[in-house]
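Two complexes come next, and they have one chain in common, chain A, joined by chain B in the first and chain C in the second.
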Partner chain A sequence: MRKYAVIYSSVLMENLQYAANVALGFFGYFVFIFIFIKLWGYMYRTPGELIAGYTKEQMIWYVMMTEMLFFGSGAASVAGEVAGDIRGGNIVYLLNKPYHYTLYVLTKYTGEWSVRLPMYAALAVVIGVVMVGPLPRFPLAAVPAMALCVVLGLTINAVFKLCISLFSFWIEDTTPFQWLYNKLIVVLGILFPVEIFPQKLQPLLKMTPIYTVCYGPAKLIVDFSPEKCVEILAAQGVYLAVGCGLMFLIYGKGVKKLYVNGG
Partner chain B sequence: MQAIKVENLSKTFRVKRKEKGMKGSVKAILHPQTEEIRAVKDVSFAVEEGEMLAFIGPNGAGKSTTIKMLTGILYPDGGHAEVLGVDPVKKRRQLAYRIGTVFGQKEQLWTHLTPYDNFRFFGAIYDLSEKETEARIDELLERFALEDFINTPVRNLSLGQRIRCEIVASLLHRPKVLFLDEPTIGLDPVVKENVRELIRQMNEEEQTTIFLTSHDVGDIEKLCRRMIVVNAGQIVLDDSVEHLKRHDPQHSLEEIIVDIYKSEED
Partner chain C sequence: MLTAVKNQIRVCSLSVKYNIMREMVNKVTFLTNVGFMALNNATFLVQWMILLRLRGDVGGYAMREIMLLWGLMAASYGLSHILFARAFSLSELIIKGKLDAYLVQPKNVLVSVLTSSTDVSAIGDFLYGTVLVCACKPGMGGFFLFLLFVVTGAVIFTAFAVLMGSLSFWFVRMDMLQNQIVMGIVSFGTYPDGIFKGVSRFLLYFIIPVGMAVWHPVHVIVGFDAGMLLTVLGYAALLAGISVTVFYRGLRRYASGNLMGARV
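Up next, the complex of A and B:
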């Protein structure tokens, strides 16, 4: 485990040098949130109105939280970089080290979002409190459970994106699949909570990774309940186990297909 | 004792083929065509412990593919390889603790970190204790004269400084076999000489087996006693450098090697 801890701290060291660059992305986040504050302002006509069980404040905080996860996590190291390493041959240097390549990539990714996410979280809280108002009855004692849910959600997302990238062992370009996965997450999880979709569709959505990647963590933050927390954490546990199994399987098969030509 | 043993090693790649122009591109979508290229064909050889072997050949001869199979990165289609008594494919991670690799055209150092932070990182990756890592860094720091830039981010180093750091990173865990794939590529003559001297010293002092591929005849002449020439995936010559030079004293080693390449083309 020590070697993974060192990989994590090295990435942290590397990324802390560029923390100021992360702040450049704040503008994009602010524009998104500003649009959604206005949009939901028009949708909710009367104070206290509920849409799909959410008050206006909860709905805006939900989008702020899911967008915070999206902006704050980035995914280059589990998506484009992995595919690029496999296609470009740089993987040669990563494979001949005494660690598991997929765990190396996941650790690296965790080190990256460890710098970005707290910065975006701070920004989200400031924007939320100033422009929307604090969440009523927010349970401070449940923050550790929420944080655990966020970490698991990001890890599951990374595992699935890594699975897609690992198909680069067979195909030349995995970008279209990453694009499709991202769009599904954005449309079905980031912009709207699951409850806003038709009743018949909801059980289906709850069976997709979207439920554990963005809906779950954001739902717990805006509307925490111990029962919901247990349900989401259990679902995350299942998804993480299935995702990791799939990841090891694809990697194990794919690495035998590696084709690296030239010096 | 043999450090590397290779028997009938083979590797075939399947590469895409496309006819020229737009028509060819459309045709390639509807009827994709591939061609099999035998990068390595039934190669057999052995390298003794502590030996410095030059494994040379023209571009596309199969040198790097062989190194990648010996380090467990590529899976052979046929034959068998053993490095330090271990099958690289079956026990890649176990073998990784005992070998080092330097690919002159690729980077293993983290460019935003300093060489010192990189070395500490590699020390941990190879399960060295902090004390062992620090002692080894001190030892190699002096030998490779890294004092002046040990705390400069790798991205700001010159190519010669970076290659020296790459070699140090590969030596931290005291590998028994070091695979050097064109380690002096792009270096100026002075730095080349410096790097060769360091490799030679390390071989003498630590009995490290060196498996070197290079297009630079100077690397071969100054470092290796024996050379294997490969062409089109096959071994075409396995002889001592001294014997080759003695056999044809009118020509330089470079001329002899070019003649071997040309005779194989014919």
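Up next, the complex of A and C:
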């Protein structure tokens, strides 16, 4: 574990040097939030109206939190870079190191979002408080549970994206599959809470990674309840175990197929 | 003069043709990129089904208008990225001093730069947009208007990207900002203009050219208005003119990166 802690701290230090670059991405986040404030402002026509059990403020905060996770996590390390390492042959230099390649990538990724996410969280809170108003009845005491749920959600997302990237052992370009995975997460989890979908679809959506990756953490922040927290954490535990099993399996099978030309 | 223009167009066509042929070397990857991009765009119909289930319209747009909006946006974005993909990474070329290879060519510098790359997945965007608009049954006149607005939309996107990219001649770190502002247009352009009011609406029509690229064209296709049509055509020509002027003004300040490279 110590070697991964060293990798984490070195990536963290490196990213702290370029923290100002993260701020350049704030414009994109602001555009999305601005659009959703306008959109939900149009959809809610009377004050206090509920849509799928959410007030206008809760709905906008939900989108702000899910978008914060999406923008703040930036998944280049587990998507494009892994695929590039495999396709370009760079993986050869990483395989002979005294760590497991997939855990190395996950640790590196965690070091990256440890700088990005808090910056986006701060921006989200400022935009939310100024443009929407503070969240009513926000339980400060539950912040550690929410933070744990966010960390698990990001890790599960990274594991699944890494699994897709590992298919580069068999196919040349996995980018289109990453697009599709991203879009499913965006459309079914980031833009709307699960409750907004037809009743029949909701149990199905709760069985997908969307429930643990974005709905769970955002739901807890917007409308916390201890029962919901336990339910989401349990689902995340199961998903993380299954995802990691899948990741090691794909990596184990893929690495045997690796064929690198000299250069 | 006419011969020079003809030659330039011929070089551009060949450049785009060879870009696509190079990408088609691996057919499976090419087809996957195109197909999945179309599928990727299609997932957003779910978003609008949900929103329109809650309210009969969003910002005055029903499903047909939403499909026209998405179709026009996707096809214009697609066409600009098929023909002029390099416009969207112009900042990077300028900052890294990679323009040298284009400066020594006997053809127009800006056109050579713009047509030097093709984004294959944009073919998926273009096809998706065209199919979506056909599904709206716009009629013969509507379809010709759509084709015209795809061209004006592509000109507006490209010109705006060139304008933003050219600012790199004066300012550093414009590469990230160029990308974000251009993607901002795409984000705004996939939502109805009816949800934006006041200052934001004015900005989106005249400063960030979303209104002229997609919203006005959708209004013209739904209910023909010659005034709006001429406004869009005029705006596209004006923006193209401004972007070309700014690029060449900035080019005078360009300093080579002493980067060794060749374009074959």
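To be clear about the criterion, the second predicted complex is superposed on the first by the 263 of 263 C-alpha atoms of A that agree within 3 Å, B and C clash if a C-alpha of one lies under 4 Å from a C-alpha of the other, contacts with A are read in each partner's own complex, and residues count from 1 in each chain.
Note that a residue touches a chain if its C-beta (ideal position, glycine included) is under 8 Å from a C-beta of that chain, and two chains touch if they have at least 3 such contacts.
Note that the structure is predicted; figures quoted are calculated from it, not measured.
*Asks:* Label the relationship between chain B and chain C on chain A in the superposed model as either fit or clash.
*Replies:* Taken together on chain A, chain C would fit alongside chain B, as the superposition shows.
*Asks:* Is A:177 contacted by the first partner chain B, the second partner chain C, both or neither?
*Replies:* second
*Asks:* Thinking of the overlay built on chain A, is A:23 touched by chain B (first), by chain C (second), by both, or by neither?
*Replies:* In the superposed model, A:23 contacts neither chain B nor chain C.
*Asks:* For the overlaid structures, how many degrees, to the nearest 10, lie between chain B and chain C at the C-alpha centre of chain A?
*Replies:* 90
*Asks:* Which partner does A:92 reach: the first (chain B), the second (chain C), both, or neither?
*Replies:* The answer is first: A:92 touches chain B but not chain C.
*Asks:* Touch check for A:14: first (chain B), second (chain C), both, or neither?
*Replies:* Only chain B is touched by A:14; chain C is not.
*Asks:* Just checking: does A:38 make contact with chain B only, chain C only, both, or neither of them? Give me first, second, both or neither.
*Replies:* Only chain C; A:38 stays clear of chain B.
*Asks:* After the superposition, what is the least C-alpha distance between chain B and chain C in whole angstrom?
*Replies:* Superposed model gives a least chain B-chain C C-alpha distance of 5 Å.
*Asks:* Going by the contact definition given at the top, which residues of chain A touch chain B in one complex and chain C in the other?
*Replies:* Looking at chain A, the two contact sets are disjoint.
*Asks:* Can you check the complex and tell me which residues of chain C touch chain A?
*Replies:* Chain C residues touching chain A: 26, 28-29, 32-33, 35-37, 39-40, 43-44, 46-47, 50-51, 54-55, 58-59, 121, 173, 176-177, 180-181, 183-184, 187-188, 191, 194-196, 200.
*Asks:* Sort out for me which residues of chain A touch chain C in the complex.
*Replies:* Listed in rising order, the residues are 21, 24-25, 27-28, 31-32, 34-35, 38-39, 41-43, 51, 171-173, 175-177, 179-180, 183-184, 187-188, 191-192, 196-197.
*Asks:* Please give the residue numbers of chain A that touch chain B in the complex, ascending.
*Replies:* Residues in contact with chain B: 2-3, 5-7, 10, 13-14, 17-18, 89-93, 95-100, 255-256, 258-263.
*Asks:* Give every residue of chain B touching chain A within the complex, in rising order.
*Replies:* So the residues of chain B in touch with chain A come to 13-15, 39, 60, 63-65, 68, 71-75, 92-94, 96-97, 99, 101, 103-108, 110, 112-113, 117, 120-121, 124-127, 181-182, 185, 213.
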